[in-house]
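What follows is a set of structures for review.
The following pair of complexes shares a single chain, chain A, combined with chain B in the former and chain C in the latter.
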Partner chain A sequence: MLWPSSRTSCCATRIACSKPMEKAVNQATLPPKLPPAFERKVEVRGFLQWINAPERRGALLVTPALATLFLINILPLLWSFGLSFFNYRANRLTAPKFQGLENYTDLLGDDRVWERFVTTGLIVSSSVALQLLIGFGLALLFAKKFPMRRLALMFVLTPMMLSFVSVAIFFKLFYDPTLGMLSWFISLFTGESFALLATPAGAIAGIVIADAWMWSPFVMLLVLAGLVSVPGYLYEAAEIDRAPSWKRFRTITFPYVKSLLLLALLFRTIETFKTFDLVFLITEGGPGSTTETIAIYAYRLGFQFFRTSEASALAYMILFVVIVLTSIYLYVVKQRNASEGV
Partner chain B sequence: MASGFRTHDQAGPVRTFFAWLVGIIYFAPVFWIVLTAFKTRADALAIPPKLVFAPTLDNFRAVFFQTSTTGEVTGSGVWLYFANSAFIAGSSVLLALIIGTLAAYAFSRYPLKGNDTYLFVILSTRMLPPIVVIIPIFLVFRLTGLSGSYIGIILLYTGFNLPFSIWMMKSFFDDLNPEVEDSARMDGSGDWSVFGRIALPQVKAGLAATSVFALILTWNEFIFALLLTGPETRTVPVAIASTIGGEIGVDWGKLSAMVSLFLIPVFIVTFALQNQLLRGVTFGTVRK
Partner chain C sequence: MTLSLSNIHKRYGGLHALKGVHLDVPEGAFYALLGPSSAGKTTALRVICGLETPDEGAVTLFGQRANDAPIQGRGLAMIFQSFALYPHLNVRENLAYPLRRSGLSSGEIDKKIGRVAETLNIQHRLGNRTDQLSGGEQQRVAIGRALIREPQVLLLDEPLTNLDAKLRDAMRVEFKRLHRELGITMLYATPDQLEATTMADQIAVIDDGRIIATGTPQDLYHAPPDARVAQLVGSPPVNLVPIQDRSTAGTWLGFAQLAIPAPEGTVCAIRPHDLTVATGEADFEGAVVLTEALGDVSVVTVQVGDAQLRTVLYGADAARVRIGDQLPLKINHAMYLPAAQCAQV
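On to the complex of A and B.
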C-alpha cells in the first residue's frame, strides 16, 4: 500500500529486515559510511523501514484508529473527569476552583438525583421486560418459513433501524389528544379526548411503549438466531420419547436461546439506561420532571443551568454503570463464543 | 455469511396468518405517518382518522418548494439539510471505515499485547453515554470555532463510527480462513499485498454491511447534531425535531412528508441487509 513493500530490492530496504541472517549479509556488503548527501534520505527511508517492520505491523495498523479515538473520545473523557472536580460553569469567566469530590458528594446527597435514578430505573426495567416478552413472542411466531417471510420480517425489524426523531414523531401523533388514534379510540368508550402524556404515569407508559415498540425487534432478532440454530434431530428425538411440549421447550429450545437472551437483556439495559433522545423528544421530561431520566438531567445541568462541572460528575456516574454492564456483556459474549467454538 | 434466521421448517396456515397479522400491526405506526404524508390538511385532522381518502402530493411539494416566513423548515432549507445529512454521514463513514478496517485487520491477525483490553476500551467508547463526551467537546468546539462547521461534526462522527467499524470488521476478518493468507505468504506475497489482495476482497460484503450500518447510525444521530451543528450544517433529524417543539400549529401533513422522505434510505437498507442485521445491531459481537 502506501509504504514500500519489503520486497523492493534496494540495499537500504534490507537494513531494517528482521531476519538476522540477511542483516549480517547486507551489513557486510554496505559501505562502512554513507556519503553525507545521502544521510538524510536514508534516515527518512530508514524510518519507514523501521515502522514497516513485520514485528511492528499490528501496532502500525492500529495507531491511526487509537489516535483518532484518543483525540475524539478519550481526551474529552479525561477532560470531563478533570472538570468534575472543579466548580466550573461554562457561562462564567471566573477561574474555576478545585473542590475535590464535592460535586460527587453533593449529587449523591441530592434527592433530585435519586428521583431521576428511580425514574430511569423504572423506565429501564419496564421497557426491557416488555422488550424481552414481545421479542420472544415475535421470535417464536417468525421461527418458521412461510410465504413472503422476508417482507413480513422487514415490517417487524424496521423500527429499530429508524431514528429516535421519527419514532418520537410517530408516537407524538399517536398520543395526541385531538388528532391521535389513541385518544380517538378511548373517546369511543368515554366520550372524552384522552391525553396520555398529561399524567406522570401515562407519560412513563407512553415512553415505555414507544421504546418497547422500537427495540422488541432487537430481542426478536437475537432469539430468532437461537431458535433456528436448534438442530432438528433433537426435536425428533423428543418426539420419539414423547416429551411434553413444555419439557421440549425447557430442555431443548431454551438452552439454545438462553445466552442470546441474556445478551439481549444486557445490551438493551445499557442502551435504555442512557436513553435521552426518545424521552427528550416525546415528553421533554414532563409533566414537571416526572419522566426526566438521569441522562436528561445531566443534559439540563450542563446546557440549561450551565453547572458544567456538576453535569460532568453526574455523567461519570452514568458512565460507571455503563462500563460495569459492558464488561458483563463482553464476559457473556466470550463465554458463549468459547462454548460454541465460534 | 451467517444469516441468523434461515430455517427449513414450514409454518402452518394459522401461524402464517398470525405472523402476517402481527407484522402488519407492528408496522402500523410507520404506515400511518406515510399515509398522513399523502393527506390534505383537512383529511389529516379528521376525527375519526380517515383510512380512505383522496391522496395528494401537496405535502411533498410544500416540503421542497414552499418558502415560508414563519420559520418553518421548508423550501431551500430542506434541500440543504438533506445534503448536509448525506455529506456529513458519507465522509465520516468513509474515514472511519478506512481507519477502522486497518485496525480491525491488525486486531484480528496481529494481536497486540493486551489486545482484549484495547478492544474493550474501544467498545466502551461506543457504549458510553453521549452526555459524557459532549460537555468537553462542546467547550472545545466553542473555543476553536469548530462548532457549526462541517469539519467539527465530521471528525466527531468519525470517532463515533470508528469503534463500530473496528468491531464489525474484526468479526468479518475473524470469519476468514487464515490458511488462505498463510499460503499466499508462502508463495512470497508481502503482508501488504496479502491484506490488499487476499483478505480485503474476501470481506467485501462485510465492508458494505459495515458502511451501510454506520451510514444509518450517523444519518439518524440526534443529540450531537443538536448541540454541535449550526444553521448551515444542520442535519435532518435536528430540523425535524425543531418543528415539533410547539404544541400548536404542527403541520402534520408536511411533517409526515418530511419524515417519510427521511425514512426511505432506511427501508431500503433494512430490506437489503436483512442477513447482516444481527451482526450489525450487536456491533459484530453476535454472529450467529
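On to the complex of A and C.
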C-alpha cells in the first residue's frame, strides 16, 4: 500500500524542489513517535549535514590548520610584541606596567647589545664568505663528470642534513683539548694539547668552521643548479671564438650562477644571523662573552635574567635587521633585472 | 683543398656515427652536406672544427694534418643550429667576443663591428640584449660573430632550421650573397634538399655515417648514382617503382610498359614532373588519392595497383583535379638506378 504512493510522490517532488519534500516523505514513512534520544541524534546529524555542505567544506577543512597557526605562532608573536612595551618579568607575580618604548631605548643605549651585534656580524660575514667560497668551489667540481660522483655528492651533502645538535656536539668533541682530534693532531707537532675554544679569536674561528662545514653544501646545491643550466653549446661556441677559459667563466658561467649566488647569500646571511643552537652548544657564548651572538643574548635576557619584556624587544630588533637585509637583497635584484631589461 | 676528411670514423659508445667519411672541399666553394637527421652531418662538422676528435682517419686543413690541432688555432668559424649567442651580453659584445684577444685596438674593433653590422643590417640593434631580437636578427648576429674575425672557412650547422619558412627564403639569398661577396669557403650542413640545391655549388650526400654521393646539384638531380641519392635530392621526392619483369624487349612495372630494358638490381625512378597528364595516348591511369596545392602547381598522389606515385600538375590541370579522379598519365622520362641497401621506398 505504501510503496506505490511514496514512489509517485518522489517522482513528483523531483520536478519541483526535491529536498524538503523528500524529508516530508521520510517523516511520513517513520513511525509516528520517536524516543527523545533518537530525536537528538537526528538533530546532530542535521548539524553535521549543514556544516558539511559544499559551500562550507573548504572553510571547515582549513580551520584546524589556521587555528593551530594562530594559537602557536601568530598569537605568541603578537603577545610578545605587546610585552615588549611593558616591564613584564616571567618569574615575578607583580602586574606588568606599561612603559612605552623604554625597553627599546634601553637596549639601543646598551653597549653590551652593540657588542653582541658586532660579534654576530663578524661570525656572519666570515662564515657566509667561507660558505660561498667553498660552496662555489664544490659546485664547480661537481658540475664535471667523474667516477663515483654520485656517491661523493651524497657524502658532501650529509652535513646539511644533520641536526644542529649533532653537528655542534661533533665539533665540540673535535675541538676538545684533552680528547679532541684537533688537539691530538697539533700536539704531534707542538707536544702540547691545544684548546682552540680558549681564545676569543679561536672560539669565533671554531664556530665559523662548524657553520661553514654544515652549510657549504647548501650553497653548492644552489650554485650547481645554476651551473647545470648553462647550455653546453655556449662553451663550444666560445671555444671556437677562441675565448680563454677565464673569459668563458666570466661571460658564460658566472652570469648563470650570479642570481643563485645572491640567493644563497641572502638565505645564509639570515640563517647565520639567527644562529643559536650551534654557538650555544659549542661555546655557550664563551670564553667570557666573546662568542655571544645576539640570539644567545636574547635567550639569556629572557630565560636566565628573566627580563622577558626586554628579550621580546630585542627579538623584534633582530627581526627588523633581518627585514632590512632582505629588503636590500630584493632591491638589488630588482635593480639588476631592470638594468638587464627582464 | 682547403679542407678534407679521409676515412673518418667516430663512435659514441655503441653508436657508430661516422663510418669512414671522405670529403674534399675546394677553396672558395659553397659546399653543402645534405643528409637526413642523425646521418652524421653535425658530427662531421664537429670533427672538422675540433669539438670532437676522430677515432680514425685524418682531418686536413689548408694542407696540414689537424686531427689534434687546438680548436682555437684552426682558423674556422662555426654557426650553430641554436645560434649559441651569449645570453648575458648585448649584440655589440657578442660580435666583439671573438676579437678581444686579437690585439686589435678598441677603435679597430668598433670599425669591424660597424662593418659587419652594416653588411647584415643590424646596426640599430647593437645595444640590445640578444633575447630581445627576432629569430632572423639572432641569426644575423650569429653570422656576424662568425664572420667578424674573417675566417677562411665557415661551417654552418643547419643554420636555418630554427627559422620560419619566410625568413628561411630570405636568409638563403643572404647566404648566397655573403658567399659571393666574401669569397670564403663555406661548408653547410642541412637536412633540407631545397637549401642544398639552391645555394651550394657542390653537394655531398651523407647517409648513415657515410658520404654516398658528391657532385653539383644538377648532376645529383639528373643523374643520381643510386636510388637513395635520388630520394634525398629533389622535391617533391622521386617515385621509386620496383621492376616486376625484365626482358630484352622491355620493362614491365606492374602498371606500365617501358621500351628500354632495365639492368639487373635496379629500380625505376621517375621524377614527379616527368609524369604528366597524357594528352594523347596514356601509359596508364591512376586514381587520385591526395592533392597538395602549392599555388600554381599541385602535387598529386595517384594510386595504381599497389603503387602510389607523385606527379606535379600545372595551371588548369592543377585547379581541376579532385580526389577520386582517374588521371591518364604519361611517363616522359625514367631512370634505372641501382637499389641502395638502405633505401626504403
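Operating definition for what follows: the second predicted complex is superposed on the first by the 255 of 342 C-alpha atoms of A that agree within 3 Å, B and C clash if a C-alpha of one lies under 4 Å from a C-alpha of the other, contacts with A are read in each partner's own complex, and residues count from 1 in each chain.
To be clear about the criterion, a contact is a pair of C-beta atoms (placed from the backbone, for glycine too) under 8 Å apart; a residue touches a chain by one contact, two chains touch by 3 or more.
All of these numbers come straight from a predicted model, not from anything done at the bench.
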Contacts of A:Leu224 with chain B and chain C, given as first, second, both or neither: first
Touching partner for A:Met154 - first (chain B), second (chain C), both, neither: first
Chain touching more of chain A, residue-wise (chain B, chain C): B
First (chain B), second (chain C), both or neither touched by A:Trp50: neither
A:Pro255 touches, of chain B and chain C: first, second, both or neither? second
Which superposed partner A:Ile74 touches (first chain B, second chain C, both, neither): first
First (chain B), second (chain C), both or neither touched by A:Ile240: second
Chain A to chain C touching residues, read off their complex: 231, 233-234, 236-244, 247, 251-252, 255-256, 340-341
Residue ranges of chain A touching chain B (in the complex, touch as defined): 1, 3, 5-7, 54, 57-62, 64-66, 68-69, 71-77, 79-80, 83, 90, 138, 141-147, 149-150, 152-166, 168-174, 178-179, 181, 184, 213, 218, 221-222, 224-225, 228-229, 232, 260, 263, 267, 270, 273-274, 276-277, 280-281, 295, 298-299, 302-303, 308, 311-312, 315-316, 318-319, 322-323, 326-327, 329-330, 333, 342
Touch list for chain B against partner chain A, complex: 4-11, 15-16, 18-20, 22-24, 26-27, 29-30, 32-33, 36, 44-45, 47-49, 99-100, 102-103, 105-107, 109-112, 118, 120-125, 127-140, 155-156, 158-160, 162-163, 166, 188, 190-193, 195-196, 216, 219-223, 227, 237, 240-241, 244, 252, 255-256, 259, 262-263, 266-267, 269-271, 274, 277-278, 281-282, 285-288
Sites on chain C touched by chain A in the complex: 49, 51, 71-72, 76-78, 80, 82, 84, 86-89, 97-98, 100-101, 129, 132, 145, 149
